[in-house]
């Protein structure tokens, strides 16, 4: 349903993505792994419409979206939880979450979704009136994921899912993502913890220096000797 | 600095020094002198506003203090403006510590708002206390040309005084910029807390920048008033002086050494020529044009002419993409 | 070298640090772990002078520092990184680090040389004149450490510098920190990556809700049921 | 007399609240610096004046015309001035809007001359006399009440509507807002449009007490910033309190040392900001962010 | 500079530029432009009558909203436009600064309306001022109170309570000084002397204070905006007085009545007048007065000129029609001599004044303020008697709302 075809992306004059293609099918969890600075975040930013590809195209439900502004893309059902959280620091947790349901699709069910989020992340409920600028790093990460979910996306893209979360919470979050996926949300995720990522992913792509170098099912990639050596250090 | 650049600078210096002989017209010389003084004033502003990133819109207070101190000392006590100018400078430094120094915890527009208010308060207080004395509202300096009086019988003298003033402040700017202090100011401008974590003495650094800035703004005040030979609170403490100094720096390139000079070279003659060309025809027309040009220049060159030049040099195209990294408080 | 005694700090009604005490010895790598929101970063902020504790004392090399300003503390020899990297965005990578090295020298040239040295040490392999705003997460973390190191600290506080790094990056960083230790620098480190903490730390302090759960050798900590329940979850190695 | 002074002070506060209404939104909430705010207000006065002198329309009714026209004006201002300066350094916006203010001021001079234009309504220059000592200016009461009403609507708008929330989000992190599906362009356009509509409306409601002339906005611009910042950036009740405090201070000082009236509130403003950098009711926490 | 005015007619040989410096933008623009209208009419008339010394007169105009721009503008007019006379400047601040430049360059500065006393106390040789200084104006207002108002108040002089309010720049403070001197000498009670900034948004506390002090008479020196504001708020507070005397500024321009309606009636103004009894003028002046009134009305939608336009016209017309022809050249030295030699009796100019410059200060000694009263929303001269348009003067001031019949 999300079809990225041969995109080239630049920052100014510097090319960062070279001829990248990847597909996400309905109901899948797809992981994007790769070394630091490989271009993973850039790929997500391009899908979200923050960056425009110089070449290639991005299709969503067979329609071009790479020419659209990011708000239109969100409206169509693709949401990104950005690297570094990017919460609205001087708004409360609750206000941040409510803004998650900004797309018209999600507004009607905003209250129900809010309740759900508090169930998934009880710590957020405790801090719902605190300004997110003063949350701890991990709390911010929870808030960011919850805010993304509030928009009831068809495709949820998470950049650095487990960044800064305690081991316990990492597991919790990964489990949550799986659950959300089982309820019908398609997921595209990036995580430095290749181990986690490949375990829950149905399929994965490996990005190196801006090029896709490998792709396959999550579990089978986990067995791949090259990958094990390069990313797991085993 | 490489040899070529050095040669160019020296050449520029000599040409400037000869300008009064090349330009016979006294009005143009007068405008040129204004350019020099305003370039000096803006450079002084730039040390605090540009190097330290504290966008003061209250510099009119220092300007006014400098101008008034030397004038009153000269007119009532016969003290030469050369001395009065230094007294005014130190007075401005003292006032700046009382007013701007506590405001340093504020940043950006908030600092600007507080400093505008300070400028206004000082003007109002001045008018109030002036009323309690026998000093007239407007003070005229008698036209008695002599070097000690810092009054000259022609624009030539003013030109060279202003030239020396600008030269001194430029040298100081350059020294500050390329010293440890310059680095510290730059760092605390970009991220105050990160700078503190690296042991940057944030208060002391701003303190120094403020002192230099206030002192030379006051000196500029004296030089300008000696040129006009008349002073009154309304114009000596007018907020438009503060905004003009900031504006000149912005247009030229804030935070650079040459920026304020370039800004003054553009802005002062622009204002003068618009007024000369259009003020006789339809009321307000020259200012309408000025407003439009100001908007266009500021919006088209947000980093000033210097920014434009350096980006041109590096042949770096402006990034068209919207970038997450553009917003200053990057979290991650 | 660093002694923290009965430190207390609250925000509004919430106590974030509850009578915490610990000591970091010279040349030691001392770890702090704990669930999100346990008060680890707040602890760093108090040691580095960014937040004043409500009560309790902090001494460094015999000086009491709980009331000192961040810059004085840095001068005394404590360097810190921020959990969320704080570069000077418009300055180049080299200039960023020079700000740190200028603490110990007045000469711009010396500072530049020093900064290059540190940048090479942390293996930030980008051109010196790269604007720091263009760095990826991992490079930002390296830059963060480089800035702190440039101030020549005797004790460095590292707050989740490995978050966002892949396994290779983590390995490189572990080596880097061991190298620091070898040079005699003490390290106080916060990290959620257990593999790293287990290998690196001489001792680990576990915080939960601002309270000390226990302090001990990595193995003790990892096997403590309370730690497993509150922090690690049942399976230790995922 | 004391009671009279307090009443006049509060009513003067109402004038200032009204004058700063658009700014509370544009600057206080959306964080767009607008130094042309005073000139927009001045144009609002002129439009109301012309509607009155050509069509004999009472200022109160002319609001219906002023609001949409000034919303449109705001949209234009957004397109030509604000949008190009959104990604630029802070001061760019300050000076771009300053340029706009010079332009508008002198455009008014060029088009309509420098004369003072006044509008006489049935309630201008009239007062309700409560006792021989105490009288209350009708046009000020009208101004006060309307400004409170508008602010109430604004509060509800910001708290309850998605556009209102989006304005706050956009002001804090633009690209994150885009990622939430917020059209940043549209939101800024709304914010600046509404802000200008409010400023125009303020002009309409102030002209019965004041006069339209090219520099009419100048005396309101600084004070409006003071009111918005004093109360606390982003806090609308703060702006109300800020306005009343400024009015009261001016009124009380006016009795003892009229020359220092203006200084009194500037000094108060400075002191408050130095003690509480976020203003009286400002949102806290901004200061602590950096250390995380 | 761009030249304005009518094109040269046949018979004229070339043209000559005269410098004009006025605040045409900024806060003083209203009256700056009004003065300019007076200048323009004088220029137009002179050029129609074959110009000056056979030359058409052109203006080199500089807009000077403040004293800084006045300096550079004066420089420009002198250096680039080569003018030998600069006229202006309405505002004292501008006059101070621009006349410095003129003096240094030995160019005539012909001041029509700036009143600050010390402008002519600097011993300048090339500066001439046609109008009376500010303190004279204040004294005239207070003298009127002592001589004409107080006898009609039915009160003992020492019981009369007087309050002075004024804006706090050079104009207001000097006028107040003059008024105070006379009031105190006459033995009246000075209950308040309040200064404030003319940029103020509110005068209600001043009004309240005055109300509690219960003055019988207020002498006010205000610019337009603050003057209107004060009178509005005085009305709202029900501040009742037996007399109110203005000193130019707000109190002699049409905008005041436009804003206040019948509530303006009964107020006195001390200052130059443009609507007085022309029987006090000599025949030539009378004719000129009428022609000026007509031309002004024709150019300005039938409105009557204010005193500022009249003073502007008067100054320019005298310069072009009498001084320069008498000098026989445009040379500053010649003009200076001619000006100093000039001796025109009272009643010989369109504002009633005579012209004779004090050889020391070079200030016109035969300029004087008249006293007007607002009647039926028009400003009408009542004093001195020979220029008075009506004998009917309403004293004391009727209460608010009862002023429609003032003067009837």
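For reference, chains read A, B, C, D and E in written order, and residue numbers begin at 1 within each chain.
By definition in this document, a contact is a pair of C-beta atoms (placed from the backbone, for glycine too) under 8 Å apart; a residue touches a chain by one contact, two chains touch by 3 or more.
No experiment lies behind these values; they were computed from the predicted model shown.
**Student:** Chains touching subunit D and subunit E alike, please list them.
**Tutor:** B
**Student:** Could you let me know which interface, B-C or B-E, is made of more C-beta pairs in contact?
**Tutor:** B-E
**Student:** Please indicate which chain is farthest from subunit B, where distance is taken between mean Cα coordinates of the chains.
**Tutor:** A
**Student:** From the C-alpha centres, identify the chain that is farthest from subunit C.
**Tutor:** E
**Student:** Roughly how far is subunit C from subunit D, centre to centre by C-alpha average, rounded to an integer in Å?
**Tutor:** 47
**Student:** Find the geometric centre of each of subunit C and subunit E from their Cα atoms only, then give the gap between the two centres in Å, rounded to an integer.
**Tutor:** Here the centre of subunit E sits 75 Å away from the centre of subunit C.
**Student:** With chain centres defined as C-alpha means, what is the inter-centre distance between subunit A and subunit D in Å?
**Tutor:** 42
**Student:** Touching two or more other chains, which residues of subunit A qualify?
**Tutor:** Only 11, 50, 70, 82-84, 86-87, 89, 134, 136-137, 163 qualify.
**Student:** Find every residue in subunit B that makes contact with two or more other chains and list them.
**Tutor:** Touching at least two other chains: 124, 127-128, 131, 191, 193-194, 283-284, 287, 322-324, 329-332.
**Student:** Mark out which residues of subunit C touch at least two other chains, giving numbers and ranges.
**Tutor:** Those would be 41, 50, 82-84, 86, 134, 137, 164.
**Student:** Sort out for me which residues of subunit D touch subunit B in the complex.
**Tutor:** Against subunit B, subunit D makes touches at 33, 81, 84-85, 87-92, 94-96, 98-110, 113-114, 173-176, 178, 214, 222, 225-226, 229, 257, 259-260, 262-263, 266-267, 269-270, 273-274, 277, 289-291.
**Student:** Contact residues on subunit B for subunit E in the complex?
**Tutor:** 25-28, 30-31, 34, 124, 127-128, 131, 136-138, 140, 142-143, 153, 224, 227-230, 232, 234-235, 238, 272, 275-281, 283-284, 286-287
**Student:** Hey, which residues of subunit C end up touching subunit A in the complex?
**Tutor:** 11, 33-38, 41, 83-84, 134, 136-139, 160, 163-169, 171, 192, 194, 230-233, 238
**Student:** Using the touch rule from the top, collect the residues of subunit D that touch subunit E in their complex.
**Tutor:** Against subunit E, subunit D makes touches at 1, 4-5, 8-9, 11-12, 15-16, 106, 109, 113-116, 118, 120, 124-127, 129, 132-133, 135, 137, 209-211, 213-215, 218-220, 223, 247, 250-255, 258-259, 261-262.
**Student:** What does subunit B use to touch subunit C in their complex?
**Tutor:** 178-180, 183-184, 186-187, 190-191, 193-202, 325, 328, 330-332
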